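Below: a set of structures, written as structure tokens.
What follows is chain A paired twice: with chain B in the first complex and chain C in the second.
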Partner chain A sequence: MGCIEDSIGGYRLERRTFTRKLVLAFPIILLLIFLVYPVLTVVVKGLLSDSGSSFAEVISSPSIQFGIQFTFFQALLSTLLVVTLGLPGAFILARLRFKGKSLVRALMIVPFVLPPIVVVIGFNQMFGAYGVIDSFLMWLQSSSLSVFNLATGIPGIILAHTFYNIPLVLLLVSASLERLNPEIEESADLLGATSSQRFRRITLPHILPSLLASAILAFLFCFMSFPIILAFGQGRFLTIEAQIWNAFRFFDYGKASSLTLIQIFITLTLALVYVRLGRKSGNNGGATASIKTIEFRQYRVRERMLIIAYVGMLMVLIIGPIVTILRAAVYNPNNGLLTLDGFSNLLTGGSHGGLTHLVNSLFYAGLATLFAVVLGIPLALAMRSRSKIIPTFASTMILLPLGVSSISVAYGLMLAIAVPTGLVTNPWPIIVIAQTIIGLPFSARAIEIAMRNIDQAVLDQADSLGASRLQRLLFVELPLLAPGILVGGVFAFAMAIGEMSATYLIALPQNYTLAVSIYNNYATRHFVEAGAAALILVIICVIAFLVMERISEGSTTGGAL
Partner chain B sequence: MADVELREIVKEFDDGTRIGPINLTVKDGEILTLLGPSGSGKTTTLRMVAGFIEEVEGSLFFEGQDMIDVPPRERNIGMVFQSVALFPNMTVFQNISFGPEMAGWSRDRTVERVEELADLLGIRNLLLRKTSEISGGEAQRVALARALAKEPKLLLLDEPLSALDPQLREKLQMEIRRIQRKLEITTIYVTHSQDEAFAISDKVAILDDGIVSQVGTPEELYDSPTNEFVARFLGSGNIFSGQVVEVSDGHLTVLVNNSRFKIPGEGEINSLVKFSMKPEDIIISDTSVTDWAQANLISITPQVGSYKVTVDFNGLPLNALIYDEQLVKRLRANGESVISFSFKPESIIILR
Partner chain C sequence: MLACTPISDKNMAEYPVRRDPGKIITVIAFVVILVVAAYAIVTWWKPRFVVYTYSSFLDWGDEGADIVLERAFAPFEAQYGVDVDIILLDSDANGIISKLVVESSNPIADVVIGIDNILILQEAARNVLEPYVSPNLNLINESFVNALDPDHYLTPFDFGIVTLIYSTNSINTTTHPQLGNLTFADLAETSLASALVTENPHFSSPGLAFLLSQIAVYEEILHEDWTSWWDSVKNDIDVQEGWTEAWSVWSNDPTKHLMVSYGTDPAYSSSWLGGAEPDTYVAPFYYNDEPWAWMQVEGVGLVKNGPNPELGRAFIDYCLNATVQMEIPLNQWMFPVRTDLALPSVYQYAIHPDEINMLNDLLNSTVISANLTIWLDQWDALRTP
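For the complex of A and B:
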């Protein structure tokens, strides 16, 4: 008897673990189909180049070589600027005691969720021709023509990239500084080190991994940047990413694939280094409660001046472009008049009307968010699974989008999925898939962090009180996970609705989203239409940010980076 | 090595907390422990001596020289922190040699010093290890070596052993004492553990709410606490408080919880008196004795070499130590019962 019962129990158990494994493997399998397979197809095509230019032709072409060089050059320059401008800020953020510090820290996430194309509009309005600074200078010199324009060419690209990535350095390096036990620096003091010796021998080695990690991440983002390059490069300065898009537009699949191959090789290498460094810098234990902070008035006058100048610079560079989007929405630089045309366009239907784009945006991003959450939960579970292979697979899948650019993903999806299935005539499902892939790492990460924070003892308690697996899931686990799931969903939504690169490559005119239409309006000098649409996206992102802050109280959002 | 004196040291913080005035003297080669409950200002006092706390009033003399305005780096102090605070990016050797290196010692002299200390502390085999590859006890030894390396005039130890397990802690207490004696270095030690303070110190200063309550050798403090705080903190908490009802030739009769106690001392009738009694000085009987006070037995806990008996004296818990096994057997047999207790008048400590 006992024997039979055992075998039935064993059979049930086996079945249960099999179902469980299937659930955990489900998102991984989907990602294999919609991310790995397309990218591999592109890479193989790039090597074989059965249509268009061959790999050898591509790599030996002077214009491509210039593009690769330019990609490195601008990414390197942006990264250098980001690190130089960000490092003092990281020290101030860690060491200066001021009210609203946690809010400032939370606000750092805003530029990160802000769509790049919105940044373009904001930058143009702040630093561009007839922008805020330009208008002021024109008034000073009583000139009727533009006298100042930084929002174009290389300066525009570099500045916009700096805007985007400074928060990264601020967050990662200041967090690392807070993990530095103040007693270590005091030991160095007592042992006779001067402040410069202390910085060189103790502080710098401590923050180096996080500094390198944020530099590599910034470099990666700049390397794969697309909307900013497209808008400010004006066709003269093209990165690899922009060249892939160009080649795809002119049906030179050989060239596009070869370029993707080159790009993926570089970015995946960097992503790998980043992950290694991240592991290293995360090992220094939690934040010390006793970190020494100093009040503003305790600084010397000269230091105070420097801090004020620095914060002022950050305000102009980071807050400026976001706030001036308000002006961009109503000020028409073409005739110098205030207008509400931008908003009336948003209420216009039809193929060119903003309403269609807005509806498209909400529909695609909504669906993508749903998928990102539904897949994010099993993916997060998979990351925490006790099996040997599944967590490795899951983490790799989450990290893959870090090293594979949106254009590569979109191009791969078009080539490997849309063309064979005939979706090319109306590729909206491909847009949703691309946006899901881009949002999924963020939702999965947020949910995984929430899971990590659940006390295992609470679950054991539920078990010992006689809850079934389902009861435990419904009444204990899900309520505890709800905030994490919500944060993940909001994050994924913000990334999806602001996504322009992949969408732009995939979309036909009837599929255009708000982000794409902002670029089109901007490129055709319909500035108020672009400005009004950008304002809508800013509002959506700010609401998203507020929701995340409200739910997580500042604890999980930073971690989702 | 130096005499160290804290004179009228005061620090007021923005939130209103105030430490001091503190007056303390540490003689050359002596080890003084700051002992007190958490929040009593021990660590703050130590950090003022180190120079980490700014805008401190009063004077701090090292060999007669006021150091109050001298930055930490120039005070020539060695310090071991509670968190050990070894430099994680350096090896054990690099950690120990950091001080001499900063002081510009020659390479030969530095190496010689590091090896000498490593031998003294038994960590020679660890010199090439990374700090992440050594145990907690080893890390403490390395931190001590690092603090001693450039031959400081004063050694400060801020609860260096509190993170270690009891056996290792006891072992390292002995070791710190041995090394401190051998090097004859003036030392200030901070701990909240009475055992540790008594095991390690020449003198102990008891801190209460930012003020030195009493200073003395461990024996002096234990045998004659001068106030209720010290008696409670060091002793058993057997504090009696009552009214003087009779004064006669060098003796007072005090009424405590409706029982009369005759104690040696001078005083005025109707004044309030507090006195304390060490647990080993209380005499217990299982039968009713005339003139002795009555109390209810609560518990008997066996300890090494004695039994700790807790009784309830009309709401006042008292602890006594007894050594008589037969008495314990009788008490146990009686269960929760009334006992009688008394004490020798000369064992009374009158508190101010």
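For the complex of A and C:
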């Protein structure tokens, strides 16, 4: 990007670099105002004021210690399960040749982007008391009471987290497998390596960075988990995030701040490791897509059985909870009747009606997506800057929203932005800001990946043909970036529309979104209303990803991870 | 997103018709500004008189909260020429205090309804309220003021008796004779403990009342360590987040027979059944051959530095008028603090304050405020798996 600078006069150069710096700095300044400053305000205020517990009290409290241990324990267990269950799938996805593969690949990401509260509904419907499996077992044993319930306590939490994060392993590892040049494996074969040697010496080292990256991401998401904990934790198995929420609600600001600090420390460490791995794996070349694929019938019978069993298990675990949301939308377990009340609620206006929540959801998420993309472009540029400090700084800023408690962010936005400006009376702009922050890591990352693939020569050509910076941006860069922007936008949209905790904290009743109303309805056992709203969110997410797949032609799925 | 459709079209490899992305961006920007402006105008905040309360406020009657609130507060709106905006926050009273704390540097609410005699002992609650002695206090018995808050941060609004309830459709005094003479020791037996639903004392006032009842009985009547009881039942009792959640579990889950709720529930049940004998009964605790329960008094308070303090005071006075107070029994299922008002006939099935000994008398407010955080921490530690 700097190649043309020699040919321009000193004054223009200065002005250009200044504008450039301003553009790069713009999103970072916004993040400082709307993310760092609010969170700092909350943390400092909480630690300095003498309301509530001190840091030392928090650290030494047995229930907090248990919470921290539990947060680690469940995240670790979930990650192990995600890797073990996901790895075979990644191989199948990379090696097996079948029809509609790109569609399957596109749909594979859906569990990852589903709002957590929707996953809760699906899980209850599939694995919970009086759910699909339970109903079947009750019928078998002709029992009128529930006999099977996996959607509660630790099993519920771990299973839901596995469901959520398996796509990470499937997509990241299979993409890395596809980049493995088949000639290397063939040479190993020729040189007489056994298949286990080949795996250990060639395949494993090749996929290791992507495997580690997906494991760290999975661990991070499980570590920050909140709605699933709220629904399945029975108030006893609490992550740090859930404890922060409880502390704020019980106005123990000292506790909330201390926990936020502990959490940031742990997650940022993880996030930085992830960035480093990302750099490494980014270096081993572009997509080759020359991977040797095999058709199903070419496998041996035993292998085929294994594949079928594996896919069957994946269907129960992944597809099951999504499909059974259909049942949740029409079946009222309170009286055992089928009903369309859930859908008629979605057509009801007024401050308690589902229609208002739907409109709010689409409006906030739409705006948040737009901002996430507009801010994501300069952030991605900053990440690719040649300076030494700027890329690291920008990457950290982008990862911050993943590692900071969204509840603390929401609380900080209220305290530092909404209250002084009087926006609390009508806090929807604050909700949009919170949702933008949550989607930004995904949009910026997708755009950054797309930027990597732009041929620098094309840009230089535009410059030498005398294009202005704006012309170059509009006619060359943006069109080339379009698929990346689309992917990033869809991810940001999915994250924003599924966001629950921050929105819940900021919103007045007239600002509730579908995700919030699902939680409220679920907690008060208005199951069909919750189910119907969950179904709508699933449909919105699936459509968004199918559209993305159609337009970007399958080249970029998972590009925001 | 719209911008990319024409560009990444399949004929990209040939010479595409070059469209100016600048135009598309302008169009998008224009549409976005239009939509945002429309949304902002529709939801624009008009200054009005704001009351914060919890979501189920006056919402348990046949008519629903909208009609009842209109009937109760329309005369006030007419008299003072204001719009009263009662914001039903989807949270418990703690959450309301938490919100008031955040907003304390620039409050938008003038009045808050629903903070009770335990929550007001918290410093955070006192910090966001302004004491006010209403001239209408002469309409009510002074004992309510003393039970709720002698410092007048709150003015009594309604009260209720927190006790255990059960449905006679699932258990009764024949199947479980101990229900007629219940002690915590009876309740600790697995058969009853696993049938009990209560609420989290951190977030729910009846849940906290139940915890304090248990502490009062163990520390002041039995003179035993209160934690032993919770230790013995921790794996059996179902602790739900709030009263609404607990009520849903109790009324839908066939294995849950007992719930920590209010002494007016039999009256509610009778009203639900059209005035017939109720199928919900109360089971107060019996010690020294006397029934015991916890009294909860809910109050209305003036928000400190609220935008309309004069109107706020007038509103608090107004809350003690018969117009508001008579809506309480059948819509809030609490007793109005105006004891001079006649109660509906179904209230013959409720337990009345004069029929019961109050456990509050055993734990005075000084003891509670000094120990509450410690007790809750201990309770957390007991429940930690």
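Keep in mind that, in the parts below, the second predicted complex is superposed on the first by the 436 of 561 C-alpha atoms of A that agree within 3 Å, B and C clash if a C-alpha of one lies under 4 Å from a C-alpha of the other, contacts with A are read in each partner's own complex, and residues count from 1 in each chain.
Note that in this section a residue touches a chain if its C-beta (ideal position, glycine included) is under 8 Å from a C-beta of that chain, and two chains touch if they have at least 3 such contacts.
Source: prediction; values computed, not measured.
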item	value
Which superposed partner A:P483 touches (first chain B, second chain C, both, neither)	second
Touching partner for A:A188 - first (chain B), second (chain C), both, neither	first
Which superposed partner A:L370 touches (first chain B, second chain C, both, neither)	second
Contacts of A:G466 with chain B and chain C, given as first, second, both or neither	neither
Which of chain B and chain C A:H206 touches, first, second, both or neither	first
More chain A residues in contact [chain B versus chain C]	C
First, second, both or neither for A:Q197, with chain B first and chain C second	first
Interface residues of chain A shared between complexes with chain B and chain C	none
Footprint of chain A on chain B - complex, ascending	50, 52, 71-75, 77-79, 81-83, 85-89, 98-99, 102-103, 146-147, 149-150
Chain A - residues contacting chain C, complex	51, 61-63, 66, 145, 234-237, 246, 248-251, 334, 363, 367, 369-370, 373, 411, 414-415, 419-420, 422, 424-426, 428, 474-475, 478-479, 482-483, 485-486, 489-490, 508-510, 512, 520, 523-525, 551-553
Touch list for chain C against partner chain A, complex	1, 3-5, 7-8, 18, 20-22, 25, 28, 32, 35-36, 39, 43-45, 55, 87-92, 94-95, 97-98, 101-103, 105-106, 108, 122-124, 200, 202-203, 239-242, 244-245, 248-249, 252, 254-255, 377, 380-381, 383-385
Sites on chain A touched by chain B in the complex	181, 183-184, 186-194, 197, 201-202, 205-206, 284
